[in-house]
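The chains carry the letters A, B, C, D, E, F, G and H, assigned in the order they are written, with residues numbered from 1 in each.
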Amino acid sequence: MDHGILFDHARSARIGLPEAVFCEGKPLEALTELLTQFGRGSGRPILFTRLAPDVFAGMPAAVRSSYDYHPLSRTAFGDTLPPREKGRVAVVSAGTADGFVTWEAARTLAYLGIAHKVFEDCGVAGLWRLAERLDEINTFDAVIVVAGLDAALVSVMGGLTPKPVFGVPTSVGYGVAEGGKAALWSALCSCAPGVGIMNIDNGYGAACAAARVVNGL
Amino acid sequence: MDHGILFDHARSARIGLPEAVFCEGKPLEALTELLTQFGRGSGRPILFTRLAPDVFAGMPAAVRSSYDYHPLSRTAFGDTLPPREKGRVAVVSAGTADGFVTWEAARTLAYLGIAHKVFEDCGVAGLWRLAERLDEINTFDAVIVVAGLDAALVSVMGGLTPKPVFGVPTSVGYGVAEGGKAALWSALCSCAPGVGIMNIDNGYGAACAAARVVNGL
Amino acid sequence: MDHGILFDHARSARIGLPEAVFCEGKPLEALTELLTQFGRGSGRPILFTRLAPDVFAGMPAAVRSSYDYHPLSRTAFGDTLPPREKGRVAVVSAGTADGFVTWEAARTLAYLGIAHKVFEDCGVAGLWRLAERLDEINTFDAVIVVAGLDAALVSVMGGLTPKPVFGVPTSVGYGVAEGGKAALWSALCSCAPGVGIMNIDNGYGAACAAARVVNGL
Amino acid sequence: MDHGILFDHARSARIGLPEAVFCEGKPLEALTELLTQFGRGSGRPILFTRLAPDVFAGMPAAVRSSYDYHPLSRTAFGDTLPPREKGRVAVVSAGTADGFVTWEAARTLAYLGIAHKVFEDCGVAGLWRLAERLDEINTFDAVIVVAGLDAALVSVMGGLTPKPVFGVPTSVGYGVAEGGKAALWSALCSCAPGVGIMNIDNGYGAACAAARVVNGL
Amino acid sequence: MDHGILFDHARSARIGLPEAVFCEGKPLEALTELLTQFGRGSGRPILFTRLAPDVFAGMPAAVRSSYDYHPLSRTAFGDTLPPREKGRVAVVSAGTADGFVTWEAARTLAYLGIAHKVFEDCGVAGLWRLAERLDEINTFDAVIVVAGLDAALVSVMGGLTPKPVFGVPTSVGYGVAEGGKAALWSALCSCAPGVGIMNIDNGYGAACAAARVVNGL
Amino acid sequence: MDHGILFDHARSARIGLPEAVFCEGKPLEALTELLTQFGRGSGRPILFTRLAPDVFAGMPAAVRSSYDYHPLSRTAFGDTLPPREKGRVAVVSAGTADGFVTWEAARTLAYLGIAHKVFEDCGVAGLWRLAERLDEINTFDAVIVVAGLDAALVSVMGGLTPKPVFGVPTSVGYGVAEGGKAALWSALCSCAPGVGIMNIDNGYGAACAAARVVNGL
Amino acid sequence: MDHGILFDHARSARIGLPEAVFCEGKPLEALTELLTQFGRGSGRPILFTRLAPDVFAGMPAAVRSSYDYHPLSRTAFGDTLPPREKGRVAVVSAGTADGFVTWEAARTLAYLGIAHKVFEDCGVAGLWRLAERLDEINTFDAVIVVAGLDAALVSVMGGLTPKPVFGVPTSVGYGVAEGGKAALWSALCSCAPGVGIMNIDNGYGAACAAARVVNGL
Amino acid sequence: MDHGILFDHARSARIGLPEAVFCEGKPLEALTELLTQFGRGSGRPILFTRLAPDVFAGMPAAVRSSYDYHPLSRTAFGDTLPPREKGRVAVVSAGTADGFVTWEAARTLAYLGIAHKVFEDCGVAGLWRLAERLDEINTFDAVIVVAGLDAALVSVMGGLTPKPVFGVPTSVGYGVAEGGKAALWSALCSCAPGVGIMNIDNGYGAACAAARVVNGL
């Protein structure tokens, strides 16, 4: 054979992140088949993201009962990865309306076996809420910031911590905020240096980015 | 005659704001002719905006000497309007790079005869600078906020004062910030309610908006 | 503790604007719980915006009966703030299709206890309608202009009054007007100076901006 | 031969509009060669558009002297078409800053042999200027409206005349107005029905559109 | 009184175009009330556009029976304007998928009392279809061209007729064509000079533009 | 070693296309060094694209004299690849203003040793020019279509030939055409099926695409 | 008659591609009528694309039974074209989520009588899957690459084959990927030269492009 | 005083990143004054970014000689921070054209005292170059990936390492790639999970993000 195989097959060994299944747009049968294989006790931990409540509700009760399902974040998993011994991640959000992203990040961390804590409602319209929690947030090893509208919290948080910060703009808002582009652009222009930005609503990706940091501790 | 004339001719009486000449793109001869008419002592106060230093330098010395010219803000005027008895305006900016807009606002206020003070370098990357000045800023009757990049200062300021706030996004920045659209979108999505936003780099407009507030005091 | 607390907690004292709840996207249970707390006679005036008729209809009758609900503007409140002694605001709109924004502004003013009057159907396609009402409009202390499509009314109104003007572009229209960006851009480029612009469809924000003006009278 | 020739070669006979040469981006030699052929007395009237003053200045004096060149509009022609016996076109503009487009339209009409009159400075910031001229404008057979920024004049003019109206948005402005997209979008959304819109800064095209109307009188 | 009234109230006399009601987004009750007033025999001809079939179907039978309703174009009228003695308009479309716009134009012309003929399926993918009909099309006094996707027909038609041409880009298509912006941009850049462009899907506007031409014959 | 090497190093053997150097933005010294190595007789044919005339003029005479340089297309090469025995490519353009792209394609073909012919000025504003040449164009094995503005020629050509067609939108134009996005979108929406589109102004890429077709003959 | 007819009517003879009907947006009756005519055994092979399952399900059983319908790709045909003797096409996709486009391409090839094979799940997140199949893919005469999100597979594939490559960006994804513009832009910027790009989700067009290549073998 | 001071003044202590001065747009005098203060031996290490060669050349020789200036990256510093004992960062770029960003990242790391190595020319058009270096790259603690055009390297690299990855899209390219938005969007949509993205051309920011990771080792 004239080509060697460049890359081994074991993705989780390779990048330290196990498989996840993005469910949006996949037909019910395909999802049911997948979920049937990877439930609790299967020994094969897999994370399902963007699994809508009505889709999950359409599955057989036996399948549903073998999963830890979280409707707000639309995530499900059976087994999780073993808990990490090192590394704690803070998930800070601007408001409860960002919850579907905030908790996608938190749930992904749970699945990855990474200790974490969620700090909601820290938006800059009420800076004192962030101020009260800042000391605690700075005890974590990485900080995920979730914010929509003008995503001003990303800049503010980035200026208040020396830890790795990952900003997730959300699609929360209307008018020019609709769809999250305003939040994304704002986050990318953050005047606080060194904040890595994720795609709009990508809480899963932010958790993976934090996991990469935890990998190296 | 079958149509009456709807509106009178005296614009400054009508909207309380005198004429201004936007100089960008106007040929040198036309500008020279205009500046020759409205210099100091002409009794006809007119504000020239976007008058570039090299254009101003190309005018006859006699014309130049009858104007108060400010290169950073690219503004010139001969006479000003009479000082207002009431109304003071704060001009708060994120950084010195926004100076060409900050000072366009300040110079317009000077021309309009409105008391004002400039607070530069209050960007959210160093919130303590804003905090130190907040009490003083809140003694003014209206607040103009000038900021580029993510314009996070607009939201933060809007959440800290009960006064009328006018946000001016600036074109300062590169990448997605280039041209100021990111700042504009961010400002329009401000989570602090009731902030009126101006076109990008429109310091003149923000001063006029503040003047409308001063008109009513 | 090594940080002081920068900002006090009493937002309404701080910026003169009480809390509002943006209901879009919040689940029914959460909204029901909130509305149950803040109805008429609760002594805690809160404004609910973007509360869709079918969502409101899904609440218990007892909750519904303790609210003043307005379907077109999708706003609800129980108690209002005490009437202000000074300050009257005109809400001028281009057409009835802009009504959902026009009345969000008007209802927010009602909730804030600010005297106001709505002038609908003043679009520039029929300038005489505006002309007939101009003298009356100019007796108010601030003017909110609501317009979709090309938002030409914002410029026209801005050129006819010395009062603070806040322009609200609306999402009314199709083709390039769809979503309101054409109206927003047009409003930001208004050739009448000193008009503060709000996010698309943000009638609530315009009312808050006018309230900031009223605060200072 | 298995294909007939569908269309005859005589374009001016076919669409009633003679050739024009768009000069921007063409090298000096190519332009010099073209201008050498079509000067005054050549009997071959051709219109050159977007011919920059410094490019024209770089041509031989003999060539230059056989042309009627107009620097503001950057147009040149030697011979013109014979004057039309019917049809008069009004060119109405918002401000002198739009002059490079206004006069491109007017010069194209001159070249086409069509009677016309320019009405500058009719922007909606000073509606009385338009009002004073409206009766005269309505004596023309077609109206070209040239406006930048929010192009509100297009809507206003469209609501005041029964004549064919062609709107030309211009690239005049900064911030969101820069490049003319705000003016274009606004013009396309005009609330006055039946206004045909041209590409940004396309004064030449508007004159051709008016010529098509004149063709049919 | 210190202001005269600039413009008279009779819009149809002023711009030669009677009232139309854009129904999209208006509530059923409001529409029912309007349609009840202006049916056949009311002597008050009004055109209703964007009146969806299911909305029309929801009205009382008595109201429906007094209207000429056309589901594809979503237009309705009772009485029409008196037939014009002069002026015929061709409506040329690229494909049947553009029919909802093509027929909005045609129906508006019918309502305006203007003679017209529809030429469908003339898209440039089959140029012979246009070629066969070109001589007939050129007997009309104005040409409306309706096309989606790349709107190439606008350019082609503009190069084959000396008559006034109004191009209507449509929202037909997917990917970059979705929503009609590609067609709009293409139409605005037409290499055939003097084509007036309308907003996306604005068949009504094109008919009004043609009516302005007919006004002057 | 735990990874094999997946891909061999000989790119030209692998994809049948030799190296090219994109010169824009590279410093003069780096370019001079590169050009010094690969001149005529070096036995190492390399194509330089986007090599501006003033940059080339700044190189030593000895370097310049060993290159075939073509200013309009901004391309240079010393040796070429051996002539292909099969495969001829037509390069069809809308106008001479597109020449910098048309000839970049043609020059790339020359360098690749592929027979080709350029057909300029076939824009749809004068369809007879294309009609006259169509039979000849259809004798080629692939057709490259170069067009700016509305790029209508891409659709038209795609409907008239069974051969592989590659469309190259150009940045020629102003207003909405500026930068070539309108042409690109139009080309992507072509109603003629099966046309592969290249990035704006990418004549080089279109020639490579045609070379891939020639590879397989 | 003064015009010959330029183009013959037999499109399939002219460009080697038979008719296809794009069903999206066409009413059920019109589609039913069309499908009734062109079923199996009609001797008139026609491809129906974007024929949604629920629309197909709404047709009479007799019509449905005379078609080969494929729900994922939303395509139907009765008869196909005769098998081609030469030419094989590979359809390579990044993931199963792209299946609706992948299979639209494959089904169009089936209908065109062109041999082909589908290679799914070759996305760059698992490069070894592509590496394992590369030798086989390179035995085909043309390669269609289907990918959403960042469409990185288009570049990677383009760098690994000398065959004609047609890239189809898909609308799969969320945030900035939503609608497929990110994939499209990425594909157009591919650093592998000579890849022809299709409109977003246009699997049909890619198959037609490949058919043009097959035409010439 | 009724407000405490929330945040201390020592930014470098607070976020572990020292001051940097963004020079673009700052006037020569201001820059000269700043550089005069912070040269080698001043004991105050400051990084100057976006300091153009011609600007630096305009400074006094004495100032210039006290700086380590790097023209390609447009960075300058006098003193650096003390070398970190832990943490090494790989800077991987697609091509030499990205050098101005690649080296801005590398120089920022040098200034921060962080060990690093640059791996240029790893673009996906030649995957073997990346494959050869992959084992070495994976010995570093964080990976910065710099790429323009379609930024496919960001996805590919993200799929091959378990380390924190920060992607920097660059403005290298033309057509849809111009300005870097295509690269940015592509990077944000990366199919490899957990990659933090920076603003276009923001090499400085990526180095700061890597420094935050190093902070925690």
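For the reader, a short list of remarks on this structure follows.
By definition in this document, contacts are C-beta pairs under 8 Å (C-beta built on N, C-alpha and C of every residue); 3 or more make two chains touch, one makes a residue touch a chain.
For reference, the UniProt names are A, B, C, D, E, F, G, H = Nickel pincer cofactor biosynthesis protein LarB.
In this text the structure is predicted, and so the values were computed from the model without any measurement.
Of all the chains, the one whose CA centre sits at the greatest distance from that of chain E is H. Centroid distances from chain C, each centroid being the mean of CA atoms, peak for F.
If you average the Cα atoms of chain C and of chain D, the two centres end up 43 Å apart. In this assembly, the C-alpha centroid of chain A lies 35 Å from the C-alpha centroid of chain C. With each centre defined as the average position of its C-alpha atoms, the distance from chain D to chain H rounds to 50 Å. Residue positions of chain C with contacts to 2 or more other chains are 2-3, 5-8, 11, 125-127, 131, 159, 175-177, 181, 184, 188-189, 192, 199. Residue ranges of chain D in contact with chain C, taken from their complex: 94, 123-127, 149-152, 154-156, 159, 173, 175-177, 181-183, 185-192.
Residues 1, 3, 5-9, 11, 22, 24-26, 30, 50, 171, 179-181, 184, 199-202 of chain G are the ones that touch chain E when the two sit in their complex. For chain E in complex with chain G, the residues that touch the partner chain are 96-97, 125-128, 131-132, 134-135, 172, 174-178. Listing the residues of chain G that touch chain F in their complex gives 6-7, 11, 14-17, 20, 127, 131, 141-142, 158-166, 184, 188-189, 192-199, 204-213, 215-217.
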